[in-house]
Amino acid sequence: MAAHVHDGDVVAIEGFTHLISFAAGHEIIRQGRRDLTLARLTPDLVYDQLVAAGCARKLVFSWLGNPGVGSLHAIRRAVETGSLEIEEYSHFGMVGRYAAGAARLPFYPLRSYAGSDLPDANPLIQWVASPYAPADEIAVVPPLNPDVTIIHAQRADAEGNTQVWGLVGVQREAALAAERVIVVVEELVDGDVVRSDPDRTLLPGVAVTAVCVEPYGAHPSFAQGYYDRDNAFYRDWDPISRDPARLDAWLDEWVRGVPDRAAYLAKLDHEVLDALRPGPRPSGSVDYGEYR
Amino acid sequence: MAAHVHDGDVVAIEGFTHLISFAAGHEIIRQGRRDLTLARLTPDLVYDQLVAAGCARKLVFSWLGNPGVGSLHAIRRAVETGSLEIEEYSHFGMVGRYAAGAARLPFYPLRSYAGSDLPDANPLIQWVASPYAPADEIAVVPPLNPDVTIIHAQRADAEGNTQVWGLVGVQREAALAAERVIVVVEELVDGDVVRSDPDRTLLPGVAVTAVCVEPYGAHPSFAQGYYDRDNAFYRDWDPISRDPARLDAWLDEWVRGVPDRAAYLAKLDHEVLDALRPGPRPSGSVDYGEYR
Amino acid sequence: MSATPDELMIAAAAAELVGVRTVFVGIGLPNAAANLARQTVAPDLELIYESGVIGSRPTRLPDSIGDPALVSGATATMSMHDLFAYFLQGGRIEVGMLGAAQIDRWGNLNTTVIGPYEHPTTRLPGSGGACEIALNAARVVIVMNQTRRTFVEQVDFVTSPGHRHPEGTPRPAWASAGPTSVITQLATYRFGADGEMELAAPHDGVSEADVDAASCWPIRRASST
Amino acid sequence: MSATPDELMIAAAAAELVGVRTVFVGIGLPNAAANLARQTVAPDLELIYESGVIGSRPTRLPDSIGDPALVSGATATMSMHDLFAYFLQGGRIEVGMLGAAQIDRWGNLNTTVIGPYEHPTTRLPGSGGACEIALNAARVVIVMNQTRRTFVEQVDFVTSPGHRHPEGTPRPAWASAGPTSVITQLATYRFGADGEMELAAPHDGVSEADVDAASCWPIRRASST
């Protein structure tokens, strides 16, 4: 991580509610990175923590909240006091920005923003006339190319071929838009496991810079089939995040005070992790066929 | 099929080498449809047959050949004599046209065509300036919205939830761009089979107009895990297609002369189909988890 | 035992989904309403979550739109790109359900800021998918709490467009029908042909005076046609 | 036993892939060359097929780019949209291998028509993905048969752009480096700094006179730097 995230970088830790790499977020805090531009559709607790720890200069986002709970108080304080610059889109605008970045397009067109005040708040939202019907103007957003995108996945092989099941959000676009791509996985598997089911591959190894293995690395978010979302943690975050002193103490205890993810997990109550484990619900197998 | 394909329609039978619905193509010939505009990246034998049978007025495409063999002679004759109108793109241009159609965009921008003569041959290929760098003009293609898109798939449930593994080509975009969507499948399965692995769903039932079951309905193309491509048939097509009389006799025998797909299969040598069956190569199962 | 205000809202919102096939669901009250509708008045309803799931059959009421219980047993998952581009923008969503912190008589919704954008009194979550839902879902059902702080003369910020901008700009030609109903704890509202909100019916036990007292502008009555 | 012309071409084309990680493969000779390269000089080569497969390890030499043997055991499948948009246009392809029916000195390729477009003498397959491969793959290796009918003063139609259009328009600023080598049954060619094709080396047993006899324009010799 130290080699791939630098002060001043544009960083995207993506994963829409699913597979949010808290492991990477905490490591960035420990390394004391500064002046980051943080991009993410839903900043979620992971960016609330990074902002509280003073890592960020700017936030690029589309929905700023603690899903199902309320506000992200550290970010909200920073926005209300003006200490954090923001650049704001809608979800599809952020999706389009990553897609344009991944496809090296000069802009991404989308049917949104007409009649909204968002283009006033963000002059990067522009308009393009269609050559097929010049009166038909469509909104466009510019490409977003992070210096580094970090995603969490269920499994990858040693060559970086990365597989995900369940929600895939914007991870493919966000990763392929980036200069460097870090994948954190629950499990490292043999290449044959990947090759037995190529349809599940979100990113081929040629697009991945580095793979790290961190079981439960997405806690308190979830990993489909591995563990549930820790909804109690999301609720508990609200009073912590409301109180700057308490939030700083939390970072001291759970992030700065532990050397790595393994130590974080060891501090967590075993019963917490056990209770998050789901029952089995197998996908079943399909046959790709052996062709000779 | 009779209810969903009408004279004069824009029809897309899609599937890039994989899962080409010859069953649907033959049925359209039997019904004597006329003046169709046929859209497809690679017209393949299925459109060579439809053009030979006099069903088509116009062809919208990006690569016109018998893959691995040579020419599509019926189409080539019709183009060289001027009896078939053509509208020509590159592969990515066709992909973009379906994508714009599915997304109700006025155009799809792509980094292609600059320095090519294709925009001279097809004035629908246009240019748009980027509001972020006005000197940067990018090619655009218009949306393509078929009246009906027909795809073949490995399986679907009674609600039309359709699953495919292996190559998916442009099927999702072509289907979602269409007014009506017909899915032909190897197998009808229980809804629980679909729901056990939602990631494999190419099209949800809400986007599907009708489902038909036709095992081997994609022969002589292939269905991953079910049967191989009948490469001998593709090679044998070359001399048939070269000779208009022989081609007409072939259509009489194999299409107009059989009432349905079952009769076509019964006419095929059993050994042909048996030889196309692959050995097993299971994907393995992943766990989605049961969450209570 | 009488229903709670939330229960009233959920039941009224569920009633808006009779006969509907596809609903784009946000979290909170709309989620509860859509799940209630599927189990009662709209058995064919497909719940489509912006996180990228179609046909969810959650085994529990999800805490967030990214609950793993929405995925296990669903009919399809999809990237957010494909879901927003081909399903929402593609015109395949019949009803979008939205909440808001402020609404005006034209159905403009604010979920961005209270106060000026650059120096807000309160920073709210922002659009999420709401802006494009408001413009692309065939129609929009709004579910929100009603007070004089939420039913306002002019919203502080238009996050999601209604029938016309406060400055008078009409809804664009390519956009869908927009808001058709507003459900609050007090009443159900619809919109006149000119796009202005109208009282359809107060809920049981609510008077028209109660409705008027909880709005900054005088709410028009539905014409009796 | 001497190698056949095809075998010479395949071996020379494979040599262009030394050290390369990603190659976008068409069918025919390029496919054979890429598979040979992976088995010999470029073991880390990932074969990327426009049909939507990455990291194929075919158990047989495929007849078409849509062979099921390309999929079973591959590392990834992908929609053509994502492959063309995010991998090819996204700049993640190092080498694109193309064939052609005609080439000119600037590396412009024709796979569309012989004769005028509206009334062709021979209708050829057209672009397929070649136009965007020529503009977006970091560099392009061309593998084709060489005669006076294929190495022409001016191509009848520019399907896939080389270093400048016959009418003089330069390659656009956003495009990649374009053609870097042409492999025929007679020789290997590269391109000068001005974008004109140059003879790099005739294959064993081929004279420079043989090379010149099979081209409509006098092929420049590579400068000796």
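A, B, C and D are the chain letters, set down in written order, and residue numbers restart from 1 in every chain.
Note that a residue touches a chain if its C-beta (ideal position, glycine included) is under 8 Å from a C-beta of that chain, and two chains touch if they have at least 3 such contacts.
Everything numeric in this text was worked out from a predicted model, so none of it was measured.
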Point to revise | Pair joined by more contacting C-beta pairs (B-C or A-C) | key: A-C
Practice item. Express in whole angstrom the distance between the two chain centres, defined as the mean CA positions of subunit A and subunit B. Key: 36
Practice item. Round to the nearest whole Å and give the separation of the Cα centres of subunit B and subunit C. Key: 39
Study note, to complete from the structure: Distance between the CA centroids of subunit C and subunit D (whole Å) is 54
Exercise for review: Find the geometric centre of each of subunit A and subunit C from their Cα atoms only, then give the gap between the two centres in Å, rounded to an integer.
Suggested key: 27
Practice item. Would you pick out the residues of subunit D that each touch at least 2 other chains? Key: 53, 67-68, 71-73, 77, 85, 89, 174
Exercise for review: Could you list which residues of subunit A touch at least two other chains?
Suggested key: 99, 103-105, 110-111, 136, 166, 172-173, 196, 199, 224-225, 228, 278, 281, 288-292
Practice item. Go ahead and list every pair of chains that touch. Key: A-B, A-C, A-D, B-C, B-D
Review point. Which part of subunit A faces subunit C closely enough to touch in the complex?
Key: 16-18, 41-42, 61-65, 67-68, 71, 76, 79-80, 82, 88-92, 95, 99, 110-118, 120-121, 136, 166-170, 172-173, 221-222, 224-225, 228-229, 231, 234, 278, 281
Point to revise | Touching residues (chain side subunit B, partner subunit C) in the complex | key: 99, 102-105, 159, 161, 172-173, 176, 191, 194-196, 198-199, 201, 203-207, 288-292
Exercise for review: Could you please specify the touching residues of subunit D with respect to subunit B in the complex?
Suggested key: 27-28, 50-53, 63-68, 71-73, 77-81, 84-85, 88-89, 108, 112, 117, 119-120, 122-132, 135-136, 157-162, 164-165, 169, 171-172, 174-175
Review point. Tell me, which parts of subunit A touch subunit B in their complex?
Key: 103-107, 109-111, 126-133, 136, 138, 140, 142, 154, 165-166, 193, 196-197, 199-200, 224-226, 228, 278-292
Practice item. Sort out for me which residues of subunit D touch subunit A in the complex. Key: 21-22, 46, 53-55, 57, 59-60, 67-69, 71-77, 82, 85-87, 89-92, 174
